[in-house]
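Each chain carries a letter (A, B and C) given by its place in the written order, and its residues are counted from 1.
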Amino acid sequence: MNHFISPQDVPDLNQLITGGIVAKRNPFADKQLGENKTIGLLFFNSSLRTRLSTQKAAQNLGMNVIVLNVSQDSWGLEMEEGVVMNGANAEHVKEAAAVIGQYCDIIGVRSFAKLQDRDADYSELVFQQFRKYAGVPIVNLESATRHPLQSLADCITIEEFKVKARPKVVLTWLPHFKALPQAVANSFCEWMNGMDVELVVTHPEGYDLAPEFLGKAEVLHDQNKALEGADFVYGKNWSSYTSYGQVLVNDPAWMMTEEKMARTDNGKFMHCLPVRRNVKVTDAVLDSPRALVIEQAANREWAAQAVLKEILLGMQE
Amino acid sequence: MNHFISPQDVPDLNQLITGGIVAKRNPFADKQLGENKTIGLLFFNSSLRTRLSTQKAAQNLGMNVIVLNVSQDSWGLEMEEGVVMNGANAEHVKEAAAVIGQYCDIIGVRSFAKLQDRDADYSELVFQQFRKYAGVPIVNLESATRHPLQSLADCITIEEFKVKARPKVVLTWLPHFKALPQAVANSFCEWMNGMDVELVVTHPEGYDLAPEFLGKAEVLHDQNKALEGADFVYGKNWSSYTSYGQVLVNDPAWMMTEEKMARTDNGKFMHCLPVRRNVKVTDAVLDSPRALVIEQAANREWAAQAVLKEILLGMQE
Amino acid sequence: MNHFISPQDVPDLNQLITGGIVAKRNPFADKQLGENKTIGLLFFNSSLRTRLSTQKAAQNLGMNVIVLNVSQDSWGLEMEEGVVMNGANAEHVKEAAAVIGQYCDIIGVRSFAKLQDRDADYSELVFQQFRKYAGVPIVNLESATRHPLQSLADCITIEEFKVKARPKVVLTWLPHFKALPQAVANSFCEWMNGMDVELVVTHPEGYDLAPEFLGKAEVLHDQNKALEGADFVYGKNWSSYTSYGQVLVNDPAWMMTEEKMARTDNGKFMHCLPVRRNVKVTDAVLDSPRALVIEQAANREWAAQAVLKEILLGMQE
């Protein structure tokens, strides 16, 4: 494996899931693999889980880690080609990516959707440019449209907790007053489409996800109906894709509660975190044994470690 | 030892002091102890000495270090339970602490007093919550009411420089135009109460420290009288505890000077730093051989190393 | 070698250039040298290349690295002596430098010119103070008037790419709407004066560099004439030294283009980065094989490694 930007970069999804489970059992078994290798982690946006779990995973593999909070620590980066750079951005990604690629063996990048211009966000320009100019493998630490390290951790978690060969997995929209990206929801659908699950997505009218991410998922606008018999309920808010970046609905009736969870087949509740308690989901659900949110977060370390290991192995070929 | 939040967590104060002196003599003797262990350092506030000395101590013990400047790097954290999270804080400490505890073997936290609400500050909610939810040992890098790593470094420094079996130690309030927390003063009294010293505290009217921290110390409002025969003069400004968070006095007559130090028994001057020169204490005092402020700061490394070593040993049991 | 603040600290420039080339061939050969040594990197300003390349170089040598973004992470530092510290700066460099020197074996400092007061900037007070009070070697990560790690990387790059025994090197001013420091231009001249090159500096009237940096360089105000027969064209913008910190000219006619480069003797284009494309230099030049900007940036790692190695060797004596 070279890059890890989208599932198209992954030759074998199941191998990565297994890799995560293996890393969890024996975190330091590959500590020689990353010796004298450096990963640079570039954050254009806030991060807690991704920041810590990726550092930890890299250190488990014996790598050195350099963290760069781009806007605080360094120069604003111009992503567009051919422009006259007389604005706020002092450096072009052509130089920045190539330079970072001189010092780092792998580069992780986090750059959220700006939610102003759908075509711009969905073109994933930042990742296109880093892939093109860095000259080293790029790891997606959450892009405008995807969060694959989260999705891999979610796959690992479902593998660990499923009690049926083909569980029913329901992705449900949850209310929130702010406009959030579609990245986690997109990515979750994209990865679930590659697993042996029954995938149902439920959301209010106007919150359809992009078809290329939704794949073969069934869509229902009746949340209660969608939850029936669910083994896993994956909660997430996202802003509208069709009315791009808008908050069309902020209806507390969509909040996840114990009453709703009772409709499931002893279903587990999942969320990528951070989660606003009693806005998206009640304390009762999060504080119950149904909630797998900490297990998911813990699996972020093993997801990152499986990905970095595959990339390091790819370098030896 | 499990946590290091307050002296109540410390089974044996003298063992820690000795541990610091031992670490100073041979900093790398325990480099195997922290192998494959990670400490996460969470800063809600600025830090120089604590940030550097704790990183250094952890690295001396062979640990990996991950630093998180919470407000810059990550999400605002909600500390109160049961609230509807529709405000500025995007993540609850219940999740954040538990998640960080998945990646880190030890968590250090710095969170200053806000000086708005005494009950809130003195409840030490941030540390209560991290202790409750992180699932791993918590180290106090300065809380609303205490700075125990500083106090331990101060104890080590007094042990090193004392020339009498039972020295006279004077904690004197110094003037400052800004409202500062009581944490260092509280903690210093609390730790001095556990050592064999004669403790005198001197401050203007209205600056009484909380009785539970003051302990058996003698209080004098006459600074000159307090200084007579002192072996150690520990200077610090703090805002009022009784008129909570207020600056009642900013009288330069309380500034420490060579003339005042002349009243001591060849006394040493101590301060936790940062110190505003010629506001709290004159250049002449700080630039004289009396000043132990750099020695104190240097001992922060050994204090942190002694604490981390005890916690790491506790994990092996 | 003890400090690396200016070329006056360097016993043998050629040895450092050779050291950089040797490090590039075998980056991990001296990994034992920095064992149990810590470098602290203090940034008062933004940094990409310096931040990453110095971390990387230190890790190649087996050192631990602690990064401090002074204004974000810590306290404002007072640099002047004898002042009453009742302003914004909470800590004096006397304490800060001495304290950091307790924890770090080497300290790197970046502190740009403020461009308000020429005497203040050119006195290099920040570096004077760190040199005086830290008690450990200081490395210049770009000061008000110099950027010697950049210059050393530039020397290495010229050594690698020169095709004549005594190449013609032209430093040309480039247009920019913002006022930038003279540090890179100063330092480049200062280091070129120590190498066997023909050095020509070209800039509009009013942009003369300080004579002590310019040295034996020839100065021309006709850019086209200066470029004739050049082997290396080093582009850089700087604000006026004589009308201190002012932007006197922002004439796009000074931008570097392919047409101008055609006047050289198959000359290479160099720039320290970041560079504003199509403001200082066209895309066509930067995207051509003439451009050595990535090679220069890559050599920053080896320049830093050569410097740190010499300092570490100096500690063993």
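Note that a residue touches a chain if its C-beta (ideal position, glycine included) is under 8 Å from a C-beta of that chain, and two chains touch if they have at least 3 such contacts.
Per UniProt, the chains are A, B, C = N-succinylornithine carbamoyltransferase.
For clarity, every value in this text was computed on a predicted model and none was experimentally measured.
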Fitted rotation between chain A and its twin chain B in degrees, CA, nearest 5: 120
Copies chain C and chain A - interface residue numbers shared by over half, same or different: different
Distance from the mean Cα position of chain C to that of chain A, given in whole angstrom: 39
Contacts with 2+ other chains: residues of chain B: 72
Chain B-facing residues of chain A, complex: 27-28, 43, 46-49, 51-53, 55-56, 59-60, 69, 72, 177, 273-279, 283, 286-287, 293-294, 297-298, 301
Chain C residues within the chain B interface of the complex: 36, 38, 40, 64, 66, 68, 72-75, 78, 81-86, 90-92, 94-96, 98-100, 102-104
